[in-house]
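In what comes next, chain A is part of two complexes: it sits with chain B in the first one and with chain C in the second one.
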Partner chain A sequence: MVALPGSIDAESKQPLVGSRRWAASDEAKGLTLISPTLLYALALLFLPVLIVIAYSFWSQDYLTIDRSFTLENYRVALTEPIYRDLLWRSLTISLVVSVITVSFSYPVAWFISFHGGVHKNLWLFLITVPCWTSYLLRVMSWKVILGYQGVLNTGLMSTGLIDTPVTSLLYNSNAVIITLVHSWAAFAILPIYVSLEKIDRSLIEAAHDLGDNKVWSFLRVTLPLSLPGVISAFLIVMIPTVGDYVTPKLVGGKDGVMIATAIQAQFGKGANWPLGAALSVTTMVIVSAMAGLMVLALKLFVRRIK
Partner chain B sequence: MADTPMIEIDAVSRYYGIYRALDDVSLDIAAGEFFSLLGPSGCGKTTLLRSIAGFDTPTSGDIRIDGHSAIDLPPNKRPTNMVFQNYAIFPHLNVEENVAYGLKRLKLNADDERQRVGNALEQVRLAHLSKRKAHELSGGQRQRVALARALVMRPKVLLLDEPLSALDKKLREEMQVELRTLQKAVGITFVLVTHDQYEALAMSDRIAVMFGGRIAQVATPKEIYQHPLTRQVADFLGGMNFMQAKITSESAVNLSVETTRFGNVTIAKPKGFTANNGQATIGIRPERLRVLWDDAKADCEVTGHVVDRHYFGEITHLIVDVPGLEKPLSVSETNNFGADDIPVGAPIRLAYDPDALVAMAD
Partner chain C sequence: MSGRHGIRKSRWLPVYVTAYLAFLYLPILLLPIFSFNNAASTTFPLAGFTTKWYAALWGNTVMLEAARNSLIVGICVSILSTGLAICAARAVTRYKFRGQRATTGLLMAPLFLPEIIVAVSLLMIVLQLGIELSLATVILGQTMFCLPYALSVLISGFDGFDRSLEEASLDLGETAIGTFRRVTLPVVAPAIISSLLVSFTISLDEFILAFFLSGTQPTLPVYIWGQLRFAAKLPSVLALGTLMIALSIILVTTAEILRRRAENRLKAGAAAHG
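Here is the complex of A and B:
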């Protein structure tokens, strides 16, 4: 969870000559430097997660918490059709969102990195501009665009492409996907851009020199070498979108409800914290497993291209 | 060069805005030749090499490879392969996969491919490292991978962009010999870009010396060293003692000059020679001046006294002031006879061969 200096294992194997020497070592300096962050992360990230996990094994007894161990919450979370459906929908939406976001972001990042010329920084700056406004405002503005009388419908009608407004744009999972893709694009472009920037251009020239045309050199050199960026983009988008609460609430309507809404309900009106905790932990475990699978799948895909 | 040249560079120019990286360069390179492009950084040698490879497109002019114009062909359609300056080894592939990279596009059967990769790795003596990744290789090994990866394609021309500049001196000298041997074994035309004159002299069949986007001289290493056409070429390829001499007579091929301390000599007239107020620039290499010990005699002598001395192990550089010369002479003498013990300030006699004097065009 918190990255410690890599040297810690190797160092500690050596016999300690004296605590004084250790206090002056690079390791001690490193630990001192990261200690505020480390303590902050432990207090506000690690402990709450532990508490949530603990709650998930307890049960609600009206106004009090029964602290005897039980797996009942997990049975409900995994077998109740409503939670299964919500979880399934959340995972599908986040997977679709991350696939679309990464596929849209890759060409953008590629263009900036390879053809941005002297204006690379300007392009990157422009990409971050939408993030200057509040997340809520950006989601709300999609309501204006996608609504029944929205920008998209009136625009399409005035061009004569459609006669009646399209109703499938807002208050369903499509709207959630469209909004999330837009919100997360910048976070996907940046890691991909960074990994593309790191590629030595002479490698691409070498690929051309050895007979590859532009498509093959992209598939055999650029794509595999930018894979770390693609993987981080995937994870950066996928993990938070599974648990997104605001977007489905605002543009999702009835069909766009995701697991976070159910969790919120258990901690709020439902007043069943243990069940909410169990749902959270289940989501966390499944998302981690899915993220791991995604990484493996991408790596296999690239190995196949060789 | 009775056959058509392997590479014909025909009036190639390359402008970057108003900067001329290549200025009307024409050059023929014969098949099977080890050809070097030599010059200081920014002289256009790399631009020329990249134009042959197809990575850079000349503003005007034509490049023909094996008789066919290549100017419109992308790099992957040209019968050339390149060894990059930083070797450009694919970091995500191992040695074997790097070498096989280009073969994948040729759709060979698995056995042929394996055999060609194996042969190429044998050729550069890397067969034992075939499973290593790029980051597990030393500089010299990376260079061999880059060589094998290019040679396995059986190109008509192998282009080498300063391939030895990243190696330490000892390894560089070993690789010079090895590259030369390899070139003779495979019989492919090699075009080498380098800024190291000793590298060019040691390895090449012919050298083109470039300055400011233009070719100053194309000749064999010996010719270029002994008869540099211009002051710049002479200076770039080792030391040279320059002096002005008065022209007494001039024929189509020869110049007779009167020098202040080297007597009256008749020397070959360089191509493109123009007299400057009846004066010509002539020169003599430092190692063509020999120290005369004790009462030894020589047909041609100059006398002066030592003003400075630099010790280089096997040789010593003596700076000798000769009355009547505008600059002191630089003399390179082996230490076999004790040149390193000559005290500064001592009088000294130097012998020379009048044939060692050369005239330069500017």
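Here is the complex of A and C:
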């Protein structure tokens, strides 16, 4: 850090009278400066999440909220077949999507980091551009591509590869998975790329010199060292996808409905806030636990092959 | 073929990366193609060139109203989130204080949360306080959502800033505000503009929060969502979508150019300084 020596200079230049006044310290200045942003985040992120948690232990009778403690909402969320199935499907889809996204993105991050040459920034930019365009529009575009009268079917038919449209493309979990993998690709590539960039290239050379072949030097040197990036990629894909609303709604059909649809319903026509809150909390807790297990499994796997 | 570091480049890897890029760009390239197609359905072979879907947009007052809403929200969100992120980024890069990690963690949290949960929790607090849903509530929510992006752009922009420049200015008798305006600002300006553009782009395209918090004033994505129910409206949505995608790409490209210019300036500054 460049700033560090400078800050010591500045303090020695203006010796403070008596004991160091806290108000003039770096600590106080830093906290004062960040306080507007911090207060904003506390008011509009932290506090709302606390309220959701509180609501999940309350109950609702038509329009009045009963504030006595109950676990009834969690019982419903975890045992009612409809919510249990939706939760299970959402978790499976988010797991599958994160595994596919991370494994398909790793080689691309590797390519940019090791063979991007002077154009690394350009490569990264090209990869991230699609993810800056409207998410809703991209999902809509997948619907257009995969539909019965869609681009893929009519395209294949006009080239003569198939005679009748394939019906199994849209309105199922696979369509949801393809669309989500597409949406999150850039979010997986960036953290992996960053950790690959930090690897000291001479370590890989050393592995080669010591007789490791390409596969072994990758498994024993590159992969373990890039693990932090892989882990953040997993987390940043897995946790948000579990609560995706747009994709299941547009391309999921009846078989691709996910938990977000049920959560949204509790705040719309169904109007049962406590249940909606309990569904949200349950989803968050389970997906975090699952992500934690995933991280643990990855670490163990890497330690084993090392 | 052997690379610089004895890391061999396989022949299939460039092919794979190209295929991957094609997969990424396929959906956003198809929208423009079909928006100029002279047919109401999205089927191959194409039916001929037309601009009638675009022409129809100009007469669509509901759409224009939504576009105006999006513009208002986008401008407010980009200014608010960049302003808040400037404070935070400056605090984080210049001072060391207790709770720094926890604070940055909280500010970055929206990246790691399902958006529906952020939206639902905001909706609850807003309705609880008896605030009516309007563009203002969308602005408040989206500002929160844009903070992590604005913050990462600004932290990387402020990180290499040479503090001795500011100290020199203060020593030479300039006031704190004057120093900020005449010394600090010119150096960090590209990062700030880049953050404004990025936040605006995110706000323009953001759907979930706007869907939950906008009440009776739709932004463009909420308007599009409503149109998707009608198959006949698809071509005009494709035309509108194409314009939005083009705008997003122009904005991010500008932001990237500025960000890189800022980076080079910092590097050059550091090199000149020794």
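One rule holds in what follows: the second predicted complex is superposed on the first by the 280 of 306 C-alpha atoms of A that agree within 3 Å, B and C clash if a C-alpha of one lies under 4 Å from a C-alpha of the other, contacts with A are read in each partner's own complex, and residues count from 1 in each chain.
Everything that follows uses one rule, which is that a residue touches a chain if its C-beta (ideal position, glycine included) is under 8 Å from a C-beta of that chain, and two chains touch if they have at least 3 such contacts.
Remember, predicted model here, so these are calculated numbers, not experimental data.
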- Here chain A is shared; do chain B and chain C fit on it together or clash? fit
- Task: Return the chain, chain B or chain C, that is in touch with more residues of chain A.
- Result: C
- When the two structures are overlaid on chain A, which partner does A:134 contact: first (chain B), second (chain C), both, or neither? second
- Which partner does A:260 contact after superposing on A: first (chain B), second (chain C), both, neither? second
- Message: I'd like to know which partner A:208 touches here: chain B for first, chain C for second, both or neither.
- Response: both
- Task: Could you look at A:245 and tell me whether it touches chain B, chain C, both or neither (first, second, both, neither)?
- Result: second
- Task: Pick one for A:61: touches chain B only (first), chain C only (second), both, or neither.
- Result: neither
- Task: Based on the superposed arrangement, let me know which partner A:85 touches: chain B (first), chain C (second), both, or neither?
- Result: neither
- Using the touch definition from the top, say if A:216 reaches chain B (first), chain C (second), both or neither. first
- Message: Contacts for A:72 in the overlay, against chain B (first) and chain C (second): which applies, first, second, both or neither?
- Response: neither
- Message: For the superposed arrangement, tell me the lowest C-alpha distance between chain B and chain C in Å.
- Response: 5
- Note on the structure: chain A residues contacting chain B in one complex and chain C in the other 202, 205, 208
- chain A residues within the chain B interface of the complex: 200, 202-203, 205-213, 216, 220-221, 224-225, 306
- Item | Interface residues, chain B side, partner chain A - complex | 53-55, 74-76, 80-82, 84-86, 88, 90-93, 97, 101-102, 105-106, 149-150, 153
- Note on the structure: Per the touch rule above, chain A residues touching chain C in the complex are 2-3, 6-7, 9-10, 26-31, 33-38, 40-42, 44-49, 51-52, 55, 104-105, 107-108, 111, 114-115, 121, 125-130, 132-138, 140-142, 144-145, 147, 149-151, 154-155, 157-158, 182, 185-186, 201-202, 204-205, 208, 214, 235-236, 239-246, 250, 260, 263-264, 267, 273, 276-277, 280, 283-284, 287
- Message: Can you tell me which positions in chain C touch chain A when the two form their complex?
- Response: 3-9, 13-14, 16-17, 20-21, 23-28, 30-31, 34, 41-45, 84-85, 87-88, 90-100, 103, 106-107, 109-118, 120-125, 128, 140-141, 143-144, 147, 160-164, 167, 201-202, 204-205, 207-208, 212, 221, 224-225, 228, 234, 237, 241, 244-245, 248-249, 251-253, 256, 260, 270
